[in-house]
């Protein structure tokens, strides 16, 4: 999950930095929740979606369970019942409150969860100061992991509350609308890559999740990648051309899903007389054709690519193309929380980082010689490696210092509530 | 729904009384909700259960829709969206928010609903004063109906929050436990009734729901009725004797339900090493064998009766036995919100009113010459007359001035979240 | 289940008559199956429908289980596995093959079942001759019951194969079409009944099922009954008037069923450009407006009645009106297997017997002082007394000597695959 | 789907060989069905399973639709309704009978299907003789494809009837038991492979399905492969060690499936007092620990490998190891229809071909530069490339001349009714 590398020494002495990272991440979660009422924070709209309050508590449970209970003999558990209530899926940590029942918990209240957060934060702060050097070498990477774990849940808080609000006929806005310039985007162009024997995966420098490694060789055929993600306007053409009514573009399971779910457009699109409206975290508004399309399933991404006579990139292709680029883009620190049309200036590949997670054609599988860590914490990523597809690059709701070119996000091919879009590829 | 009878005149002039009834009923709903947090008030645990907040708003919608919008041309609708959000099932009032989605509404908030209540209450208060005498003759029975409608929802608030809390591993208590004397009950005895050509149903004096009339003749064979409901101790004997494992006592659908749901005891009973604990609105505590059994389905009531070699009474038998008795008992005004063992003093039939709703063997069907009122308000009762069984007598959560001997409560035979118990009958 | 009355003596000496009845009933089942291939006889289209082969075996199992195994010590069981395979729902007879899996049994083959039938028939024939007089007094009513049980399954064979064939795009015909005169029917008229203290239920003379008794008093208000069932033409008017699109005519559960199932017409009706076609046991053909409507649920019958501003009769009203009439009509012996328009000649009430089972507004409940027989055979009728509605009068697929005016058929209110129609009633 | 290569010329002149292949394949299907009654051939036990009769007709439909209707203007369609009834999933061929309803078709009968087969066979035979050389160049590969398609369905006939019979409490045997020597197997050993830049995929010589190509480069790390598949005895140790009760060995979806389905052993295993019995196509018998384990899902294969501290091979590893080995093994021509313990003689890797399909850790995805053929026939393989895992090597029910080392079989990770087992791998 977390590499034990050469720079470990620096980290051993990095207690103030750890404290700063911890404080910043914890504060950001509070900021995200602060726009929501206690009632907003308690709702679970589907088994996949969790209440904000649960996210706030579960990320705290992570620090309590994997750090405080293990390294601080004096730590006093905040509430023994929380171990059951706020375990997400760690089988090795024993039975847990069933996922589909997370919305049944009016108690503990938001205020209780805030107390829980404070209690654990005080514990961590104290531990950072007081741990022996030997203990600190074990604790430091766990705090870093806990921070990245919480950042994942920050993105989930935004994804999940968007879904919750979308089911409310009042269509509440998470934040006030921003002034937006009329959109325009650059024409779609192609960049060629020579392929060959490449290396992908995290190389042990800086933080990464276990599923990003080991770095390994992979053969890549020559390919071309589109300079930007597919736009809403382009996707609307696919719809207008009967894309959701023609089975020929679809994988068999995708087509079955279209029929069963009655899909006729991406999630959060609503047809009105003269076009489309979309629901965003700033409320419902008119669709901007220049923006990247978002909230589509893998099936829709794949069908669009087939209709366009292109294909999705593999994750190796995506990573080869992204490597070495700056980790900048429309990420959560913009507080826009919605993808934006690419800026006209600039050349070549754009928007690899931020805006929308890009579906790849790669199923989520272990890299060669992948080994999960032992113990409960090893359940973090490896056990989800079936029936999921890899997405790359982060989205407008991803914390800015959380994304890497080696980052492997994953969702089932039918999932649409993530900020997922697509970028086309083709053989060279 | 509401009889237009001889005492109408009294009512025409009864504006102060109407106002008092209205104020008292509305205040009681607030009292019931006041023990609950906004988060508690927003949860829907099953499609049958509604959030407290929804009950508070829907009862207000009833007054707004059927009185203010119709009789007060100057009435300004509080929020047009609420017509959609808080319609329960009145098809004639147009489309409505789907019942299973009531728990998705974090907005409007509890505070919004409080404002809505205030707005409508002011409107009604003003209308009571200002309506013409002609209008008042139409309005008065609707206010009375709206008050009784809201009292039904007061009982639902208690039933529903009990279910919500029961799913929370913290087992929250709605109210603090009361001091209770160690229970004891009177031995079960029998009272004989001669039967013959009886009359049942409401006779037009005082308020009644439409389904309680018309009063009509019915032939009743001689029968005997138990002096009190079946107790928890008696029901525990049925369990110990294998009652939930032996199909011979069960209706075929009841047995299928037992298998599918894995029933082994009444709802809210939990087996512990040395007996049973039950969950109440005052938290979980040890089972008191002297108390009436509650939260059983019709299927369980019927199976118990067969095991005991008795039967359930018909609703005609129940009403014949109850007629003329005082409308007193352990009702919601006791604020006990749980059935209690009958007091040792006294003789003959006990606890007909209050404590537990008593399942009868009568399916819920229209009385001869029953006619629902025309218009949306006629959807009140008649359209539910299939696959439901009648219960009689009120329970510890029923408002005291809401119960009558002719009152017909009804639930599907598999429902258990109402405060439902049973009283045995036999042929004489 | 079967009365032990004064005429028992006659029956004791009635061995040749019992043998004749037994032989005739058993032969008729074979005749019904003879039009079907082994593949036809093996299909189960829904959990409610059983394969023909299963009906042939189960009716045989009934004679084997309740007569041969009990009264003939020398009886050699045909195949021990059949006890498990062909028990329908008798819990007291032990575990059984799950109902929804009846279509999984390619083995035993039709030929095996034919052998089973022969084996048991030989056993019964021998027992009729050889049983002691004392034994015969017990056996005789069981043979009679077994014959009536098998006649019920003869009707089910026809109902079930019709459903099976209706799912086959080839729309196979069970039998060749009959020449039919162009239909016409008599105008619908009304006959008044005075009501009062009536008696209904079987009185102990001749065979009846246990659920038809005891005969008992019931108070009946004055009413009127339509002279014939509702016709297809009349029902088509209800459809054309938007009957399936207007919730106001429907019980709440009925309307939910209409929505969920997408009902737009009775089962087996298919809209074509210029009207309707219906699927019958003689294949698909044009709808004849003069024929009684058939294959409607209770919900549809009730909605039609409300639309027509009438109501369904109670079962007491139906029986009062039918009592004393001849038990003649369009029954299975006509081999027409479809309701027919009433013949123009004649007056007053018509078609009470035969053509279509008539839905009543009466839920299926026990008559006062009803007691099922003890033992497995007592599971015959009583345990189905919940969530079902009573139908009266028999249909074009009911064996002619199987119907009585006291006969209580029953189905869930949403069932449509029985030959069910309706006759209107109104208050007098 | 089928390569157009250099050896095409030979094929152009290969009409007698095509006829021989066609006749042999068609005859084998009849042989497989000949042990089954018409009733056996009509049953569908789950939506995934099809009736034998349907397989016999669908393979015929393939020749009729893609060859006779396209290349023989004089061809007279056997029955127009069959186009709808026997299309499997070809969207481009229009609407089709729903898959879960295939068991509803008692008509057409087995005899009708036999006539259909004869009619189409005569048509193909005539076309082989009479087609112009130009047409023959198009027809020849389609006949070869149709033959391989039918061979796939021959395996399905055996898989499917095994499932059907397994649901019958009589546990019918498809064929009589064979005399079997007491089993023994060789100890499990390991063979090392150096890896490197390998090539996998079909290279255009001889028949292959479209999904087997194009041949392409792939980087393979050094690895070791077990010399034989995992045996029943070894798998029983996993069970005894609590394998089905410990979440730590399972993928998250796998564990959820174990819970939901109540899995405690492979499909067709039954625990008895002193061990296990298994159901085979030769009936139920005692488990032989020496035989390869079969009828396990990918999840079970993966969990076993994790428990054994090994892993599943990738499909590239499997193919690298298999390349160049003889295509011999326990295949369908043995008529054993069940995997057998490896013979003690011999060395190195054994049983790569035949006995059991071996789950790989590779999701089923397109090879680089894969292009499906255009038109309906292009729906053959590509559209299933989601949520499926690749299996390699053929099984004891796979036709002998149907298997190749490049052959990619695929099933969802939860499927168990295929003859699927596993072979272990590890990093070198």
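Things to note:
By written order: A, B, C and D. Residues from 1 in each chain.
Basically, a contact is a pair of C-beta atoms (placed from the backbone, for glycine too) under 8 Å apart; a residue touches a chain by one contact, two chains touch by 3 or more.
None of these values were measured; they are calculated from a predicted model.
Under the contact definition, chain A and chain B share no contacting chain.
Farthest chain from chain B (centres taken as the mean of C-alpha atoms): D. Distance between chain C and chain D, defined via averaged C-alpha coordinates, is recorded as 47 Å. With centres taken as mean Cα positions, chain D sits 38 Å from chain A. Rounded to a whole number, the gap between the C-alpha centres of chain B and chain D is 60 angstrom. Within chain D, not a single residue touches two or more of the remaining chains.
Touching pairs of chains, sorted by label, consist of A-B, A-D, B-C, C-D.
Across the complex, chain A is touched by residues 37-43, 45, 81, 84-85, 97, 101, 103-110, 164, 167-170, 172 of chain B.
Residues of chain D that touch chain A in their complex: 89, 91-92, 197, 216-219, 221, 247-248, 250-255, 298-299, 361-363, 365-366, 368-369, 383-387, 413, 427.
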